[in-house]
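Letters are used for the chains, namely A, B, C and D, taken in the order the chains are written, and counting of residues starts over at 1 for each.
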Amino acid sequence: MIQLLQVPIIRREEPAPGHAELWVQSEELAEAKPGQFADVVTQGMLRRPISFSRIDRSNHQVALLLQVVGEGTRWLAAQRPGTTLDVMGPLGKGFSAPDPHRAWCVVGGGVGIPPLLAAVEAWGSQLSSPPTAILGARDQSLILLAEEFSASGCVVAVATDNGTRGHRGTIEEPLREWLGLHPEGQVYACGPTPMLKTVARLTNGRQGVSLALEQRMGCGIGACLACVIPGYVDGAAGYLRVCTDGPVFRAEELIFE
Amino acid sequence: MNLAVKLPRGLVLKNPVVAASGTFGFGPEYRDLVNIGRLGGVSVKGVSPDPWPGNPPPRVWETPGGLLNSIGLQNHGVEAFCTHDLPYLRETGTAVIVNIIGHTVDEYRRVAERISEEPGVSALEVNISCPNIKHGGISFGHDPDQAYLVTEAVRNATDLPVMVKLSPNVPNPGMIAQAVEGAGADMISAINTLVGLAVDKHRRRPALGGITGGLSGPAVKPVALRVVYEVAQQVKIPIIGMGGITTASDVVEFLMVGAQAVMVGTVTFQYPQRMEEIIEALPDELLSWGFATLDEAVGSALPHKKEGLPHESP
Amino acid sequence: MNLAVKLPRGLVLKNPVVAASGTFGFGPEYRDLVNIGRLGGVSVKGVSPDPWPGNPPPRVWETPGGLLNSIGLQNHGVEAFCTHDLPYLRETGTAVIVNIIGHTVDEYRRVAERISEEPGVSALEVNISCPNIKHGGISFGHDPDQAYLVTEAVRNATDLPVMVKLSPNVPNPGMIAQAVEGAGADMISAINTLVGLAVDKHRRRPALGGITGGLSGPAVKPVALRVVYEVAQQVKIPIIGMGGITTASDVVEFLMVGAQAVMVGTVTFQYPQRMEEIIEALPDELLSWGFATLDEAVGSALPHKKEGLPHESP
Amino acid sequence: MIQLLQVPIIRREEPAPGHAELWVQSEELAEAKPGQFADVVTQGMLRRPISFSRIDRSNHQVALLLQVVGEGTRWLAAQRPGTTLDVMGPLGKGFSAPDPHRAWCVVGGGVGIPPLLAAVEAWGSQLSSPPTAILGARDQSLILLAEEFSASGCVVAVATDNGTRGHRGTIEEPLREWLGLHPEGQVYACGPTPMLKTVARLTNGRQGVSLALEQRMGCGIGACLACVIPGYVDGAAGYLRVCTDGPVFRAEELIFE
C-alpha cells in the first residue's frame, strides 16, 4: 500500500562522481517490487521520483541511487546518515518476475541502471541460465553498479560512448548481438528515452520486453495526469500515466514518435 | 469550534477546506493517503461531455514558488466519470463538487444535465477558462457575455448549487463575477491559474508540451487574494477562495478578504495530508487572530465587513 | 563576446542588462554601490509633468518568491528630475531611459516634450499602466485604443526612441502591443507588475497603504516569459523583457523567447551588484547553452526564429 | 560611505528571551554613527534593517541586537560565530551629538532601546550632567540593556506595562516628570510608533527632540521610495524616507496622524 513515511538514512555511498546511494530503513518500502519508486520531499515544490536500487526485504532496507542533475537531487545527495527523508511510496507498477525458463537480459543506461540491479537481485538466481546485464554510459566512471551485477551472477557487458570501457558506442551493438543469440530472450530496459527507443526498435514485436520510463510528475499517484507518455489506451492511441500505469510498461503498450 | 459552512441551495461543507479541481483527480486516487471524509469537499478534475485527450507532455514544470501545468483538461468524459468515479466519491461522506468543462455553451449544458441525473453530487463548479471554439478560441472567462451565457445554460440545466470559477487573467474579474451572478450563479470560486510559460534551454523551446501553462502555488497567492478582495465587494454571492494556500494561516487570509471557504490545490502534490492538517489547525489559528468563530473572520479585512450573506439552512 | 544591442533610432545598449524603472531610483541613489557606467542602461522611476505624492505607507510587502509594492508612482515631477537627477545620469556613460507617466494623454505628451529638450537622454519608456482619469480610472494599458492614443501623443512629441511598457493584467497583451506598434512605438518593454494584495492579519486590513500593489520578482517570471513569447510573435519591433530576473540564466530565457535585452528590478534591492554580476556571467552562460553570440539566442525558442529585426546603425 | 560587506560574526549573546545580539567584525561598519543601521541578507526577498546597538570603533566591531518577530529575524538570531553575514551599511542618518550643556534623556521601547545605547556610549561621558535613560517594555524580562545604560553612567528609569519592574505603565509618566524637571532638556527616542507619538506630544514644540522611526523598506538607500512616513518636505506635507532622510528625524519634521 502507498504510504507517507519518515524514513531515516542509515548509509550513504558514492557509487560514481556526482551520484549518491542512500540506504534507508523502512519496513514498508522494503515491500516494494523492483521497478517501483519512491517520491521524496526536497526543497522544491514537488517531490522527486527515485527508483529503488536495492530492496532488502529481510533487513527492512531499501536504497535510492541518484544522480545530481538539479537542485532537488543536489539537496538529496547532500543528506547524511541520521537525516530523515519524507518519502511517499512504494509507487507505480514494478517489473514482473521474468519467465525463469527464458533467457533474460537487462539493459540500463545512466540512472536507469539501479532499478535493474534490484530486479536482478530479486530474480536472477531463480533463472535457469544467468541473466545478462548490458550497461551503457558516456564514460567508464559513470557505469553504475557493474560489480554488483557480476556479484549477482550476471554476465556483464559494458558500452561506453568514449570507449573507455567495454564496447565503444551505445548499448545497440551488444544488445543486437544478445538478441541474435537469444531469439526467445526477454529484455528489461531502463534509461534515457533514445536508449529505450533503440531497445523497442531492436526487439520489435518480441514478447517479454519491459521498459521503465521517466516523466515529470505532479502527484505521483495517478491524480493529476501530469506524467503521461503516448501509448495505447484500450487499443487506441492516448496517454498512459508513468506513475501508476507505469513506470514499467510492456514495449507494445508504448508509442515512440 | 464549529467549522461548518452553509452555502446557497442547501450546500453545507463540514469545514471550509475543499480539494481544488485538477489536483485531487476524479476521487479515488488519494484514497490510501487522505481521509477524504474529513475534507470539506472535493472538486473533481474537469469533466467534459466527451473524453478529452489533453496536451502532449511534459505537463508540469516547477517555477519559483509556483507550478506550471498544461494538463489540457484530459478526462474520460462524463459517462466514464459517472460510472467509474462517482460511485466511490458519493460514499466518502464529503461534499462532491463536479467541475465541468466544455468548448461550447451546449457542451457545458450537456455535462450539467448528465451530472444532475446522478445522486450524491453536492454542487457543480463551472470552469469557464476553457477556450470557446465558436468564438475564436477566446476563453469564456475573459468575456462577460460568454461567461453569462455559459452560466445561464448551466443554471437552466440543473437544480444543483452552481459555482463559477473565475480566471485571474483579466483586468477586472469583478466584472465577470457580476455577469455570472446575474446569470444565476450561486457562488464564485476564484482563482483559476495564471497563464505562464517556462523555457527548456536544453531543447530550446517552451518547456511544456502545451507551450503555455497555468501557474499555481504560493507564487500566485497575492493575485488570488486581490481577486477575492475585489470580487467580494462586487457581488453578494459567496466566494470560495484559492491560489497558493499551504497553511491554516493562508486560509485565514482568504477568509479575511471575503471568502467563505477555500480550495487547496498544488500543495497536495507535495503534502497529500496537508488539507487534513489545515482543518486540524484552523480553529487555533482563527483564535490566535482573535476570531471566535469562522464567520467572524469572513470579510474582516474588507472595507466594510459584508452584511450577512444570503444563505438557506440545509 | 560582444554584448552590444542595437535598437531602433540609433539606440545602442553596451550590453542587454538595464536597470528596471522604479527599482533604481532617479539615477544617483546607487552611485556608491553600483558601477552605473557598466550597465546597459538605466530606466529611471516614473516621471510625471507635476509632482505626484504617492501612496500611504506601508508600500512594500514580501510574498512567496515575490514582492508587492504600492509606491504609487511618487516622484518630484519632470522639472525637478531634469534639474536634480539628469545631470548626474548623463555623465555616467550608460543609456538613460526616462520612464514617463501621466493621468491623461496630455500629461504624457507634456513630459515627453519636456524631456526631449534635454540632452543626454537615450530613450523614453512609456508606462501605460497608470489609471486614465478621463476614462473612469481604467489603466491606459488595458485598452488598446487608449494605449494607441498615449503612444501616438508621445511619438508626435519626441524624436527619441520610444518604448511602451506593457501591463500583464490583460488576457491578450499582444493586442496592446500591436496597437502601440501601430501608433509608432519603436520598442516594447514587458512586463510591468501583476496586481496583487497581501493581508495584514494583525491590523485586519490589506497590508499595503495603497490596498492593492504590483507583484514583481521570481514569482512572476513565468507570466513575464509568456507575455514576451506571445508578443514576440505578434509585433516586429524589438522587446525588452523583464520580470523576476535574478541570474544570467534567467536572462538567457528571456532572450530565447524573443527579448533583445532585459531589465532587472526587484533583485537589485537584495543584491545591488547583481546586474553587474549578470553582465559578467552572461557570455559564459550563453556559450554554455550553445550560443556563440547574443543574437543567436534571441528568439531561439520561438516557433520560427524571427527574421532580422529592423534596426538602424547608430 | 555605504558599502556591501561580508562580515564575520564574532560573538553572540542572548540579552533577553527571543532576542540575540550579534557582534560582527568590520572596520567599515565601525565608522557608523549611533542611529544608523545595517541592512542584512536573510532567507527573504529583501534585506532586514537592524540598528547598531554598539559601535566599537577602536576594535572595529559593531553589534546588532534583534528581536525574533518573523522568518528573517529567526534566521538571523540562529546564526553563530564563524558565520559571515552579507550586510549593506552603514545606512541612514544617525543621531546628532547632543548639546553637551543641556540635559539629555533617551527614551526607548523594545528593540528601539539598542541604538540609544550606542548613542549613550558615544556621547554620554561628554555631557555636563549624566544622561537619563527611560526604558519601557511589556515585562521586566524584555527590558533590554538596562545594566549597560547604568554602566555608561546613565540614570535609568524603567517602566513595564505589567509593573514587574519600575514604574507600572508606559514611559509617559517618567518622561513627563523628567520634562518637568528639565525644561531645556533634549530627548532622543526610539521605539514603537505609539511611544514615539507620546514623546512627540509631551515634547511638543521643544527643540532638540530626535525620533528614530521604522518602516518597511525596499532598497534601503533612497531609491525605491518604499520606506516613507508622513512629514514636511520643503515646508509642505509630504513623505520622508526613513532609510535616507532618517531613520532619525527631528520631531518637528514629522506628522503623526
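General observations
In this text, contacts are C-beta pairs under 8 Å (C-beta built on N, C-alpha and C of every residue); 3 or more make two chains touch, one makes a residue touch a chain.
It should be emphasised that the depicted structure is a prediction, and the values quoted were computed from it without experimental measurement.
Shared contacts of subunit A and subunit C, meaning chains that touch the two of them, come down to B. Separating the CA-averaged centres of subunit A and subunit B is a span of 37 Å.
For the pair subunit B and subunit D, the distance between mean C-alpha positions equals 48 Å. Each chain gets one centre point, the mean of its Cα atoms, and the points for subunit A and subunit D are 60 Å apart. Residues of subunit B found to touch two or more other chains are 65-66, 217. Residue numbers of subunit A whose C-beta contacts span two or more other chains: none are found.
If each chain is drawn as a node and touching chains are joined, the picture is a simple open line.
Pairwise chain contacts in this structure: A-B, B-C, C-D.
Contact residues of subunit D toward subunit C in the complex are 1-4, 41, 44-47, 88, 215-230, 238-239. Contact residues on subunit C toward subunit B in their complex (touch as defined above): 63-66, 68, 138-139, 142, 167, 169-171, 194-201, 204-206, 211-213, 215, 217-223, 225-226, 229, 244, 249, 252-253, 256-257, 289, 300-301.
Subunit B meets subunit A in the complex at residues 22-26, 29-30, 32-33, 45, 53-54, 56-62, 65-67, 69, 71, 74, 217, 266, 268-273.
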